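Worksheet for the structure shown next.
Naming follows writing order (A, B, C and D), and every chain is counted from residue 1.
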Amino acid sequence: MINVGIVGSTGYGGCELVRFLLTHPNVNIEWVSSRTYSDQEYSDVYKSYFTLLDQKCVDEDIEKYLDNVDVVFFATPQGVCAKMVNENVLKKVKVIDLSADYRIKDVETYESWYGIKHASPEFIQEAVYGLCEINREDVKNARLIANPGCYPTCSILSIYPLAKAGLIDMDTLIIDAKSGTSGAGRGAKVQNLYCEVNESIKAYGVASHRHTPEIEEQLGYASSSKVLLNFTPHLIPMNRGILITAYASLKKGVSEEDVKKAYDIYKDEYFVRVLKEGNVPEVRNVKCSNFVDVAYKVDPRTHRVIMMGAMDNLVKGAAGQAIQNMNIMFGLDEKTGLMLAPAVL
Amino acid sequence: MINVGIVGSTGYGGCELVRFLLTHPNVNIEWVSSRTYSDQEYSDVYKSYFTLLDQKCVDEDIEKYLDNVDVVFFATPQGVCAKMVNENVLKKVKVIDLSADYRIKDVETYESWYGIKHASPEFIQEAVYGLCEINREDVKNARLIANPGCYPTCSILSIYPLAKAGLIDMDTLIIDAKSGTSGAGRGAKVQNLYCEVNESIKAYGVASHRHTPEIEEQLGYASSSKVLLNFTPHLIPMNRGILITAYASLKKGVSEEDVKKAYDIYKDEYFVRVLKEGNVPEVRNVKCSNFVDVAYKVDPRTHRVIMMGAMDNLVKGAAGQAIQNMNIMFGLDEKTGLMLAPAVL
Amino acid sequence: MINVGIVGSTGYGGCELVRFLLTHPNVNIEWVSSRTYSDQEYSDVYKSYFTLLDQKCVDEDIEKYLDNVDVVFFATPQGVCAKMVNENVLKKVKVIDLSADYRIKDVETYESWYGIKHASPEFIQEAVYGLCEINREDVKNARLIANPGCYPTCSILSIYPLAKAGLIDMDTLIIDAKSGTSGAGRGAKVQNLYCEVNESIKAYGVASHRHTPEIEEQLGYASSSKVLLNFTPHLIPMNRGILITAYASLKKGVSEEDVKKAYDIYKDEYFVRVLKEGNVPEVRNVKCSNFVDVAYKVDPRTHRVIMMGAMDNLVKGAAGQAIQNMNIMFGLDEKTGLMLAPAVL
Amino acid sequence: MINVGIVGSTGYGGCELVRFLLTHPNVNIEWVSSRTYSDQEYSDVYKSYFTLLDQKCVDEDIEKYLDNVDVVFFATPQGVCAKMVNENVLKKVKVIDLSADYRIKDVETYESWYGIKHASPEFIQEAVYGLCEINREDVKNARLIANPGCYPTCSILSIYPLAKAGLIDMDTLIIDAKSGTSGAGRGAKVQNLYCEVNESIKAYGVASHRHTPEIEEQLGYASSSKVLLNFTPHLIPMNRGILITAYASLKKGVSEEDVKKAYDIYKDEYFVRVLKEGNVPEVRNVKCSNFVDVAYKVDPRTHRVIMMGAMDNLVKGAAGQAIQNMNIMFGLDEKTGLMLAPAVL
């Protein structure tokens, strides 16, 4: 059994981690910690877990709790994990960080977009960017995983085949993203009240969202070029899910057949489904599952390609991918505990 | 392995059966049948199952397909199962009927509320009403299960302890029920369009809903009396879930302590959770799971008790309970394949 | 022109008052006040009012602002209006209080259900309970209106005809109510976040909701008896609207025809629509309008009547009825500014 | 009084026309026609209109009904209006066509994108494209108005200032659009059922949506160039509203100040609100109103401008703009009957 601790367990990401880990055949949840709810029963915070996880949340002085666990998940706000990680921690446990702290290799870029000082830049280079389908080999031996952001996971996996194959003009790349409201977190803010979100839609973080440099960095690796793009997220009245619609000009002479072949890169991937021609990704088709559905459409009128991807932000975009990383790190079949079919309803 | 066939697989109930059966460790889905979509790939009907269940739907001449299966689920409209079941079928396979055909023991009551002639009344007595927590022993050896209706499951389980213990005046019983829209099925009707359901709520089937006699019959057994009650369902703008709020006068002298003790009847039941005092059932706390959450509140001002229950209509109210019945019939732990924690988001 | 001031203008009730008053042909909004947002532009609080109401919110020291207005609406939390009203205020302006402060004639009942001391009980007797259809004559000359609660308005108007005509046994009365989430207000609470309300339903305030004594008092007047009833509100994932489903036993010998005749009491009322036989109230049919739709169904099996009512909680349940009261007080046609047809979509 | 007839009155567009026309001070609804519901009471089709519009729908042989009306609105599927309009009709009444029949000047483009033969191409040149803010003068004397499509209205008004001022490279224009579900109409299709739309989002008509050539034509006039662009609509789980997010490269040397100045073109327009810097359009801020909110954001990193617009598809995108056109044609203040403030809740 893998003994697991979860820091920041009472946010929506933590809640979803618990949901999957409870039925993971190789996992025991040893402790859950919370700054806000320490010493309260987890099932009082989320009553859905009544009888399933009634243990009390511990505080966030997590070094006290490391001896009993093999891996610690951080589902914490930016900056928390970077403060808590040190050599002692990494010697005792594997760390999977669902926050952004170790995702961006250039510390200045991190500090400028996130507006905080990085507390442990010395571990940034060691950290593996845990986009499993792309960095699987590096994940295997990692001590510290930077679990990708929700938007970046969906964006990168949708665009990666064409970036990698050099079929699109990276200077023309535009990503228009749409996310369910769980992405905004569980903070008690007026703007996230039911009546403020329902029956509406808006863009936010226009030309300034923090996931922009993360996507740019990874697509830069894929295309071996410096990438600057526009990324615009929108808030959608639904609980879960992300859809991205990305646009780029095809390079001169690139055909639809070339594009199709590039997506064959996923032919052995279980969790990435390249849809049949004519189908488009829909959030409900991946809801509550670890799948990412991707599709593309070439427009001969404009010689652009439209790349689309749908994913559950809480699963493949957070908890599910974190568990997929854990499975890889501990030598399990990476699908273990993640085989749920999507809840289309 | 239990080989399974599903008749009427392309309705919402069938879709949910598939979702759970795909990850059930002892089950192989041998075939799915559909009147409307026969010869089409299942994953073209529900694209969420792409790569997971791509086989083609067979037609509904199901006697052709019985040799390869151990159990057949009927997720069909009223009357279909009754027409298809016969001694030959029951000799070959176990039948779990998610429709109402065998739920009501009195055939005249069935025919009058459902407005159709029963095609095989000779099997009504044999059929076991598959409310697992109450009829578990009978389910074990059944050939034919009448899987309970969604509203009845939630209503009966919420009220049963007090009816059984004789604490409430059954003549005063009123059930006010609220259901998500999946309960209305997948038929292409204007009244079920997004824009007609969203941002609204209405009662339907007032004093005439077909689940009324089913609830009355079962609560009659529990209370050893003839029960007539009011049952009013409402349509709620959400996909899944049922909440029932029931009202009854406590018999003279009955105390809150008596009520509390009566609910101890569920103390060994995994799927029925009697909430802690002060908590109320919420649909989100059971969503996508096989749990039923029940609670009660005694009002000393009126000497009434308010009984509440929440449940996922597609799981414990349909597919989940059907699988729970299957597990019991085949000697498995009844929780097998049904351990998913609720998806609170 | 009637010059209007609104205290507590930045809650949802205040926001809806502004929406209707902006297009009222006889009204000028002189000032809006806010404790939280004083000195901020109203259209910064609700950006929907950009270019329509850009004036700054004043503070809540409202005695400074009385000279320029004819009427003041209080859309404030319980207790605020009672503290601000005094003889000086009532000499200068008419007051329409959308809170509960003056609704309940018995001050002990008020203090016990609301848990606060009443600051100006000397005005309770003078205050007119502004349920226009029932107390129209008293409203005409009132200085101080206790604008009815949302649940009470819908409940009372649905039940009043039968209570008044003495056709139901008041001891058997049960009201099961369902409300959109705007009823929970604009406070930044976790429980009202989009993801906590969406795709769910729950009861709250079971056997303890503060609107209970208000309904009991008014139905007591109607039936000339002391009324104790059960009232259970539920939170529904929609912005606006209330549906109530009420149950009572018909007195011996009462026929469906008697019931039908009792509802003729509304035959000259514009805003109360008694639906045609077979139709049921739906929230969407009254949304954004001042209508209340009522209907009834007699169940011969149980000799009960089910009474149903639908209404927009923000309009007839708050701002609309407040304006209807204002119209009556100022001698205008009571429909003025309230003629909007429901926004069924 | 202007006597009005509405053809296709029972679709969602027709329903919204009725809602506004009922309270328009200068309008009398003389008749409503319907192919599907002829001879049924309008308030049986939409029960929200009970007591407000109980007259029976007439059939669609509309030439019989022209003598009593001054203007006829067509809220009909593509092709219907083109078949019904002829010189005789236009001599008797003004025609406002909410369908696409006369929007596109090049009949071949129309026939190729819509897949039908145009029944009366001889009137295409005469028809005025009724985008009021841009073609107001031509509307005044028109006999036949091509009321713009919903997506085109929002897209064109958001982009027009920069296209007109020549500040953007039109070859780089991409429009990513999001619409509420009423845009899909009231047809009884599985794909529009509540459970199929709720908790999901998807693109549709990718690189093939019929509104594409309409937008291209109008922006071509604005920019005096041939425009080819990408337009991708998405279906959002909400009833009403459209948000568009458009992207284009700024021409070399264009500054943010230039962009700002270009939007001054709307400074005298009541229904187009250019938001304050830092604010973004939200659907809820224009819901149920005739406003279009527009904003822009210049991204210095990519030298692109992001143009955003929000609008109610049923109002400014259909019924509201049609009435605005009617007001202009009949010499009324164009705001008459359209002054409702947005229903932010």
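Quick notes
Criterion: a contact is a pair of C-beta atoms (placed from the backbone, for glycine too) under 8 Å apart; a residue touches a chain by one contact, two chains touch by 3 or more.
Here's who's who by UniProt: A, B, C, D = N-acetyl-gamma-glutamyl-phosphate reductase.
Given the structure is predicted, the values throughout are model-derived calculations rather than measurements.
The greater number of contacting C-beta pairs, out of the two interfaces A-B and B-C, is seen for B-C.
Distances between chain centres, each the mean of the C-alpha atoms, put D farthest from chain B.
Centroid to centroid, with C-alpha atoms defining each point, chain A and chain C lie 46 Å apart. In whole angstrom, the spacing between the mean C-alpha positions of chain B and chain C is 38. Centroid to centroid, with C-alpha atoms defining each point, chain A and chain B lie 36 Å apart. In chain D, the positions touching at least two other chains are 12, 182, 195-196, 198-199, 237-240, 282, 284, 287, 345. By the touch criterion stated above, chain A contacts chain D in their complex at residues 172, 174, 176, 178, 180, 195-196, 198-204, 206-207, 228-230, 232, 234, 236-241, 243, 245, 247, 280-285, 287, 297-299, 301-302, 304, 306, 308, 310, 345.
Considering their complex, residues 12, 181-182, 186, 188-190, 192-199, 237-239 of chain A touch chain C.
By the touch rule above, chain D contacts chain C in their complex via residues 12, 15-16, 18-19, 22-23, 46-52, 182, 199, 239-240, 270, 273, 275-276, 279, 282, 284-289, 293, 314, 339-345.
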